[in-house]
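There are structures below to look over.
The same chain A turns up in both complexes below, where it pairs with chain B and then with chain C.
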Partner chain A sequence: MTARKSLLKVILLGDGGVGKSSIMNRYVTNKFDAHLFHTIGVEFLNKTLEVDGNQVTLQIWDTAGQERFRSLRTPFYRGSDCCLLTFSVDDNQSFLNLSNWKKEFIYYADVKEPENFPFVVLGNKVDVTERQVSSEEARLWCQENGDYPYFETSAKDATNVAVAFEEAVHRALAADDKADHLIPTDTVKLHRKPRSATACCS
Partner chain B sequence: MTSTACDCPAFLKCDAQSLRSVEGSTPRILSKCIFSLEEETHDRPLRITYGWAHAAGLKEVRGEGDPTRNGICYFYPEETPLDKQDLLCGQLAGVGRCVSELSSSSVQTLRLRRCKFAIRMKEDFFWALGCSMEVPSDSVCELLDHLINLFCFYNGSVRQSYQLNSKESLAAEWARYLFHVLSGPSELHYILRSLRTIDLTNVDPLLLLKAALILQACQRCPLVLAGCVLFRGRAVSTQMPPQLTMKVMVHESKTYTKTQRLSEASPPSSDGGPVSSTAVFLTPSELQYLQAAPVDKTSRSHSTQEKDAPPKKTRLSRTLSDTPSSESEPSHPVSRQSPQKLSFSPHLSGSEDSVFSPVPSQSTADSPNPSPVSPVRPFSNGGNSHETVEKTLDESHYHSFHSSGDEVSQIHNEADGSVFEENLYLNGGGLGGDATCETSFEVRGADCGNDLLRDDQMAAGEVEVSCSKVRGHKAETKWPPPVSCAVDSLEESPLIPMMLYMHRVNSLVLALLVEPRFMSDTASMEEVNHSSLASLNGLEAHLRAISPAAPGAAGPYLFAHYDSIQSTLTTNVSGRPGGAPEHPFVRATSLLHSHFFDTETLQEAIIRSAGTAVYGTRTVAHETYFQQHGGSVRNSGIPNQQDSAFSLPSKARHRLLKHRVNLL
Partner chain C sequence: MAELLKVIFEHDGIFLHPSPDEGSLDEDLLVSGFIRILEKDSEILVEYRPLEDSVDPSNILCAGQDSSSVVEWAQCPGEKSQSRQLLETQQSYETEWDMVNAVSFRKKNYTNGEGSLNHSHERSRWAFSVNISDLRSITVKDEGWAFLILQLKDSSSSLPALHFHQGGSREFLDSLRRFALLTECPEDETCLLVSTPNKALSQSFENLLDDNSFGLVHKFKRDPYVTTLGSFSKVTNYIYDALRGTEEQQQRPPEEVADLLGEVIPGLEINQQEEPGFEVITRIDLGVRPPVRRAEPLYADEWSKLQDPEGRIEDEVTLRQRIFKGGLCHAVRKEAWKFLLGYYPWTSTLEERKSLQKAKTDEYFRMKLQWKSISEEQERRNSRLRDYRSLIEKDVNRTDRTNRFYEGLNNPGLTLLHDILMTYCMYDFDLGYVQGMSDLLSPILYVMENEVDAFWCFVSFMDQMHQNFEEQMQGMKTQLIQLSTLLRLLDLAFWNYLESQESGYLYFCFRWLLIRFKRELSFQDVLRLWEVMWTGLPCQNFHLLVCCAILDSEKQKIMEENYGFNEILKHINELSMKLDIKEILQKAEGIYLQIRSCKDLPHSISTILGFDTERRVSNQTDPGSAPRPVPQQDVCSNGHCRENRPQNSCRGVFTS
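Take a look at the complex of A and B:
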């Protein structure tokens, strides 16, 4: 038994077709399927990682990007530890929609302090030659919206996918620690492991 | 008691002594499988209780003086004294054989005083399943067929099973199937044998699509024949015919209870999930059905022999609503078999009997040992109510509307008490009875032994037998064809071994029928796992988040809507204890269903008592029953236009729309 075992919920949001499911599959199974059907509602996969000597189960939630699936996906935002806002570098509209995705997440996940919540931005499909969103544009948006880390990924050729998830894990753990520090030191921690408790009920 | 359920009734009288001699003179009956109904209890009119005795490999009974008990393989209730088992088995087998030889047709049902027995005879095997008289004959026959088919699905041929296994271990199998069959939520499920599906009222249809897509994704692996997705023991989506899905669900309920116990010890994990498998056996027609359904093979993986599977017409979805098109190419059962896979051809052993002959000598080298079957695990949530009070319709009037619509034939039945028993004999008696070729016999035994089921009842044994030839045209009207009826398993064709692969994610199960070598093909297993795991996790999360529909008040009406093609039942009859007001409805449904089954041309009917009325209507695909509560039924006993019973059809149309039942 390691000193700290926890479950981290990471959620992928973004327009339909930007490659959220492919990113998840690439990271967890290291496979790429060019003919995936639209995700309906939500899906998730677990991956166990070792971070700073701690066992962490990363639960990656993949969501449906299409508007018509909104009512199916939004109930599952709650409880996320990190949100991966995803767009496709060959689709400018998906980039412009990032703000909407952020808003939707903050609203439905009921985030108490949106400015401190760990978001990570992914620009997927960098293997495509005809880009519509430049690297600079994306970085600028990230800087202006809360200094989010930005990764240019390709699920197809596995570029930066693992790095992006590792960063998400670190951000989530850091935010977690920060929240722990906010607790006054003279209180008794009755809920030392809240996440593993909820996992039992799933 | 006379019978009018046939065109050419015949009567047979024999006493217990002659029954014995009949049995003794039929050495070919080597084995018997008897389900007898325990005596009927009055707290639950349609309660089915069983005795099932099965006598296999009964060499000892060949001689005149050999005791029947040596041939009894299974009898339910198991605690029944051997003498009683003996007596009942001897009588049923004797009468069954005698009648079938006299009439040159197989015996379907047999009446023994207050019990009705479905009979199946094949070579030296004999089965009987008994139930109360109120259960429609076709329902009890279907139930028996279902039990036999379940056994064959999980164990292969009956004869070989009894050659390889002890009576005791197979008795546990029979008990398990009986228990499963009996665990239906309400009595209606005995009458209208249906697949238990999830309650669709709160489920987003997109989730059904999601389930269907999971199954499709799995079929990209050529070793996967078809599958179904089950949630909490109910079907969400299936690519298999309903009868086959029902069989698969028996295994699911077993693993479900097992997993429930395990999950108490350790928290459930959603990565990987427990994967299990068991050997199963398909009938040739089942296999043909599964292979005939077009699969988008172009998108199938190239990892395994794709050239074996000729590309067929593609189809977007093979969900519940998707019926096979008649113009689809004929399937070639052998075409997909690689040389090393199956060492037999259906034609070679065509003369052999499917159920009763040994399994074709298929090389087991490429298939792992089937997981041993574990003992019965009672299905925990299948409660039967015993605390309900029987209510009879004191006075009933039977109205039937023929398809012509104008003519209304009305039959008054002023029987006191046993209305249904009486009404059963209306079947075919002028109501288009020529639709079925059924023969009924009645046997009165002056004294057929002492205490068969209940001493006083059985003192003067009274037996009625009905034989029927295969209802050819009946089968034709069913679409898609009933692939796993009794005829299927009893006809002469070999059973094909397959594997049932199950992947569980908490309460959700993905069940796939796969070729035996799938289990040893790591690449294929991985591919299926990868293509389905995330979606299964998600679907489970979605379905779990759906709050169960509030049971709520039953409302001012009762209804049951049966889809005979998909074998689904939609009803607001709860079957819970204390549902006494539902009993008249269930009994009326039973009677109407019986009439619909026997009378092909009958489309609408109302059955009524002084206090209430039940309306029934059917089409080729559906049967719907409706009863309105409250309101005074104006009934003068003679046909009357003001009679409120006549407004039932329009009320049913109106009320049932919100249950997605369209009677227009």
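Take a look at the complex of A and C:
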């Protein structure tokens, strides 16, 4: 059987203005626009990458962060393979809100085993000099909330953005392997089944 | 003399699957043909004709020959049959090859010329024509495609099943509903009972439905067809996917997303149930879209001539029409927008406007002082104000930053944008600041170049847009439902396609509607579109026709590329900055004229576009004000006036 292209859905969540769209654009187009509009509604971009010799299409979803738009944002959580919880290191409130974002995601994404769901935490805007959140605080939160990988990123100067997404891909694939009752290994292999297969045959 | 024959509906790619025991010579034979609904001497006929059929009435062997239900094929005038023959030669190959590609049926091979002749003769056997008053029922089945079994009233033999391999069964049933009531059989939900209550076809079905004897239609909980096929739709998708060899693994999530969005926008379904015309009048003949020309923008000298010596606008109606057709040149905008937005009354004198402006300036700075004078301590205890301020600061830094008015650091435009939005929070603290509002303010401030005027013009615009931003986003839901209703009427095939891709509630238009195309068009084009919309012409909710115009231009791409839920959303999002304002406005006005000239317009459409309000207004004799098609200040442009709308105090100045 030939290698099958696989599709992973990754969603960026976090307060308005933490840089979700900028992170997505940096990763997909390798560009940064300091004056990018704030997102209205829901958008997504695709990026194809190779993992262990297999092609994976990453579908990155970006949403409007304001509370008011919750009801029109949350339907898109379904089917996510990984969630990137994002805050800005120069905005303490956005860090405090991480747990709310996590809760919102778990609730609306209808995650079967929340404790095993792959979250990745991004502390963005590390290029800014006036920090309100220290690395230690952020790491501690990640440790206490499910041992999530933490990346300090800067969409502006491209720091850690690609690394963070690659980690997201590996976590998502690993979680999927576990879900398929396969022995977890250090090397990630791609043998995802088409989602539609089960529903189709039933 | 040729008989009067009107084709109401026509769809090709309809196949019969005759089995050997039905007398077919070849078990692999698929009969390809087209279906029509015809009006002939006030009778409505359903006709099936195979392709590759010489148009010779004597060839027709009607199914159910002994039944009175079968009427003879009426020959069209010669001109028509010629064009059909042309059509046949073009389509006969394509249609079958399409089939092979899409559903992998075996294509019949003709080994010799004789065979193909016989074949042609053989095919003519399958033509039939039946009066709908003789139909007892239509059974809707699904095998990855829809097929319909027509059952006659007074014949035990049924007609061959019609396989809609290339879609169109829904459109066919929708067309049929214009002439007959199709009601779900209580024992079998796949079976629709056909009843033709009245032969007077000209009678409005809306009137018919008001009649108590047809009350069952009102109680009809679900559109039977939607229900019937809905349960098959997922299966259908899987089959199509399997045959297309798609590698897409995201089939399920988009559907789930769609289901959830359906819950978020529940009105869509309710609306369809409540709309009495829904089951019957779902498609009307709109006629040809008339060509529309835009005019030159209104220039400054023209503008100054429109005022009397004291500064009153003399002919508001003509002026609105003029602005609707051509927009404004930039020099006039600063003044004219104040009238269009209702900040200045049309009938005010220059003197009155000066005193109004003075009063408004005081009022503005009183409110501005309120947030300016809040101490850090106070703000620490006011989380809502803090959140508003924080988001305003962030969004001001990312609103139209490439525009000269807002570009660079420390541009005074940024401070003004910030201060007006903060003051609006004081003006309407319940609403506060919601993302999208900075997009609505930016062009107004750019045109006004004045903090106070920009604020009050923004307040007027927000009066129209308020519901979009409220907690429950009722304005957004209402507009999505209204747009869906309009699109269904204008383009049922496209609407059905969107529905089949779980996109019938048009979520992908969210950004268009929330901020009135602000992100879709270049800055200058936004100014043009908005001033055109603010005229309130040619009808209420014209912006929904603008949506329809854009969708009309995109539907071919969307359908040809077979875009799914995600691709549609992406495609629409990526139209941003690629749209041509002139083309859109011409098309939208053309659509308006089409709808306007339509005689049997469903009530729901008249309501959305304000035709019914308009009639009432024009019947009134109001000596105080000149008649105008849509009283913009009285009817919110989203067709839904919010309750307890704050009194726009600028109107009070002149009445008190």
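Quick notes on this one:
One rule holds for everything that comes next: the second predicted complex is superposed on the first by the 179 of 202 C-alpha atoms of A that agree within 3 Å, B and C clash if a C-alpha of one lies under 4 Å from a C-alpha of the other, contacts with A are read in each partner's own complex, and residues count from 1 in each chain.
As a convention for this text, a contact is a pair of C-beta atoms (placed from the backbone, for glycine too) under 8 Å apart; a residue touches a chain by one contact, two chains touch by 3 or more.
What you see is a predicted model; the values in this text were computed from it and never measured.
Per the definitions stated earlier, placing chain B and chain C onto a shared chain A by superposition produces a clash between them.
By the touch criterion stated above, A:Q93 is placed in contact with chain C alone, chain B being left untouched.
When both complexes are overlaid on chain A, the residue A:S6 reaches chain C alone and has no touch with chain B. Set against each other, chain B and chain C differ in how many residues of chain A they touch, and the higher count belongs to C. Look at A:H35: by the touch rule set out above, it reaches both chain B and chain C.
Of the two partner chains, both chain B and chain C are touched by A:F44. Of the two partner chains, both chain B and chain C are touched by A:P75. Of 25-33, 97-105, 313-321 or 331-339, the segment of chain B running into chain C after the two structures are fitted on chain A is 313-321. For the contact definition in use here, the residues of chain A common to its chain B contact set and its chain C contact set are 35, 37, 40-44, 69, 71-72, 75-76, 199-200.
Across the interface of their complex, chain A is touched by residues 204, 206-207, 209-210, 213, 217, 267-271, 299, 506, 530-531, 533-535, 537-539, 541-542, 545 of chain B. Residues of chain A that touch chain B in their complex: 21, 24-25, 29, 31, 33, 35, 37, 39-48, 62, 69, 71-72, 75-76, 199-200, 202. Considering their complex, residues 4-7, 9, 16-17, 34-38, 40-44, 59, 64-66, 68-69, 71-72, 74-76, 78-79, 93, 108, 192, 194-196, 199-200 of chain A touch chain C.
Looking at the complex, you find that chain C touches chain A at residues 234, 238, 241-242, 247-254, 256-258, 260-261, 263-264, 390-391, 394-395, 397-399, 401-402, 434-436, 439, 469, 471, 473, 476, 507, 510-511, 514-515, 519, 566, 569-570, 573.
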